[in-house]
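Comments concern the structure below.
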Amino acid sequence: MLDNFNRLVLANLHTLGAGLSVTAYVCFFSFLLAVVLGAMACLVRLYVPFIRIVAIGYIEFCRATPIFVQLLWVNYVWPELFGFPKSVVGAGIIALALQSSGYLAETFRSGIEGLPKGQREAALAVGMTHFQIMRRIVMPQVLLVMAPSLVNQMTVVIKSSTLVSVIAIPDLMYEALKIVNAWFEPIEVLTSTALIYVVAIFLISMLAKRVSDRFRNKYGLAAQA
Amino acid sequence: MWDSLRQSLDLTLFWEYRTILLRGLLQNIYIFFGGALLATALAFAIGAARLSKRGTVRVLSTGYAELFRNTPEYVFLIWVYYVLPIIFSRLLATKFNFSPYAAAVLALGVSYSGFLSETVRAGILAIPRTHIDAAMALGMSRWMIMRRIIAPQAIRRMLPEALNQYVSLFKATSLVSLIAVEDLMYQVSMITVHEMRPLPLYTGAALLYCGIIIAAAQCIQHLSDRWRQRGWA
Amino acid sequence: MTTPEAIIRVVNLRKSFGPLDVLCGITFDVREGSVFTIIGASGSGKSTLLRCLNYLEQPTSGEIYLDGKPIGFRIEADGRRVPDTAANINRMRAELGMVFQQFNLWPHLTAIENIIEAPLRVKRLARKEALDIGRHFLGKVNLFDKENEYPARLSGGQQQRVAIARAMAMQPKVMLFDEATSALDPELTGEVLEVMRALAKEGTTMLVVTHEMGFAREVSDRVMFLHNGQIEEDGSPESVFNAPRSERCRQFLSKVLH
């Protein structure tokens, strides 16, 4: 089995590496977009009375639809419906972003609503405007509270990104499956691929937790579970 | 664009094929129940093991949970379907094959047992030590304590979060079309190839899942609120 | 009912939360430089009254004037009363300093950053100027060395003193204290009361809602007893504490003073 490993995995390391970098690219931009969309949806839901129902509908849809279904829908239906996305990579990024934006919007909301009323009142009492309060008092604290959920969504994005191979985005999973289909020997390649994902996700969670704990330590707060 | 919008919302095509599509959905439901059962059984075992007094048991079970929480479901599904049979064949020295259904149930069940074991563990830990102390002071045996004091409370506390996990599991069953299970999405792609009209079908599938999940989530929310009112969870 | 030095004038203030009437027509003046203490049982409306003054609660009816200017509404040229803009309300709030029962320090900012945040953002002072002012008031509350500590590392008494410095740093016309010591452990109330005493001695105009009867008796210029949203007793500390005219006030004092 070892020379199988050499033949299939080590020899193809550069292809798998290329796949991994595509995965990283897709995950990075999806997560970024998800944060932006999620924040917007949350703020609209909380503070803009007229289109509040649209925001709620958006959030519910993003959370209730499986990522695979969203992926196919964005990839096959949107180009005809909206004219974009023009590439599969765009479709992958948008679909992944949609999925996470729903959860992030809800997390933002519970963070904002969970902030003690007194924090805002102290800011109002010294005469700060609504925007100043949001920017300087509410958002920094909300981000700190939300950190574990943000990290969790990062891992969800990475795990869901494995599906973009289905619409022919050349990510790690795609390259791995290509090798398997070429050689009909799935054990080494698939196991290695699985382990790469597991290790990558584990490392990112550890790193993020370390950073978050460092911040909490700075402010004198206890470390989170 | 409006033409396409009308077309994509023209769900009559969806309606036309409703029998086949619903039969596909049924596959999702079967796999969901199978997976949920397996995940729950494993979760209780692993969850309890994580609280064991024996260090090795604790480490192994925590490792199990961490492993499956960090593994992408799709990758694991493919692995179970393609790699596991080969490993079993070599170990048992016979030809071994998984049906796609079995692979799906196994993969999803094991995958989500990781998350559920964390829920189980949290539910058990949430029971105040004092309750157990009181039971021990009254002379109850460990088994009796588990059965009459811990389990009822733990299960009630776990239920809301566990139900959320089950909803995620149901969403994950949409993946099984990728190992050739004839579920809803499988039928949708088949019909698309046949009819060449992806818009209403994919939109319809999305709305169908959306509807089911939102309805389920509302029920869960309603039940959770009622339980919380009664002081259960 | 106005005297020339009335820095706060409250006229027939009413506040209801739905069917519940919390304030039922309050009228009083506060002279500049005086310490005005409000006492009463829980639920008598004391906190609500204070929170109406800086418009954290919107009065149902009645008027509040700070230094002659109305809070929360404007008088138009033709004499009509219209709700005031948010910007104006913020401007008025900057003239009123408030110290809360729960301190409400912002946990992600250090002590000094908490104090200079408003001078920087609301008054738009230069950073150096704000820091000078901030350090000055931090020194006045005897916490000069805790400048760069985060609130989580400070004791309750220290946090409340930082909160007082934060309110003072805006150099408001009036300081409002909403049960400033009620959330503190008994051994920590002393340090906060000492700061409040020092402020009073300097001639700061203070409105204090408190359960600390010793403080009320020794430091106030005027004491008001509130019951069910109405003023039951109002006068100098001697007259209220030693010879209350209202029966309810007598009962309250006997319970609280033993």
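Side notes on the structure shown:
Going in written order, the chains are labelled A, B and C, and every chain counts its residues from 1.
Convention: a residue touches a chain if its C-beta (ideal position, glycine included) is under 8 Å from a C-beta of that chain, and two chains touch if they have at least 3 such contacts.
These numbers come from a predicted model, not from an experiment.
Taken pairwise by the contact criterion, the protein chains link up end to end in a single open path, with no chain closing the loop. Among all pairs of chains, A-B has the largest number of C-beta pairs in contact. With each centre defined as the average position of its C-alpha atoms, the distance from chain A to chain B rounds to 21 Å. Rounded to whole angstrom, the centroid-to-centroid distance between chain A and chain C, based on C-alpha atoms, equals 46 Å. A straight line joining the Cα centres of chain B and chain C is 55 Å long.
Not a single residue in chain C touches at least two other chains.
Listed in rising order, the residues of chain B touching chain A in the complex are 1, 4-5, 7-8, 66-67, 70-76, 78-79, 82-83, 86-87, 171-172, 174-175, 177-178, 185, 192, 198-199, 202-203, 205-206, 209-210, 213-214, 217.
Remark: chain C residues 54, 56, 86-87, 90-94, 96-98, 100, 102, 104-108, 117-118, 121-122, 149-153, 163, 166-167, 170 touch chain A in the complex. Against chain C, in their complex, chain A makes its touches with residues 116, 118-119, 121-130, 132, 136-137, 140-141, 144, 218-221. Chain contact summary for the complex, chain A toward chain B: residues 60-61, 63-70, 72-73, 76-77, 80-83, 155, 158-163, 166, 173, 177, 180, 186-187, 190-191, 193-194, 197-198, 201-202, 205.
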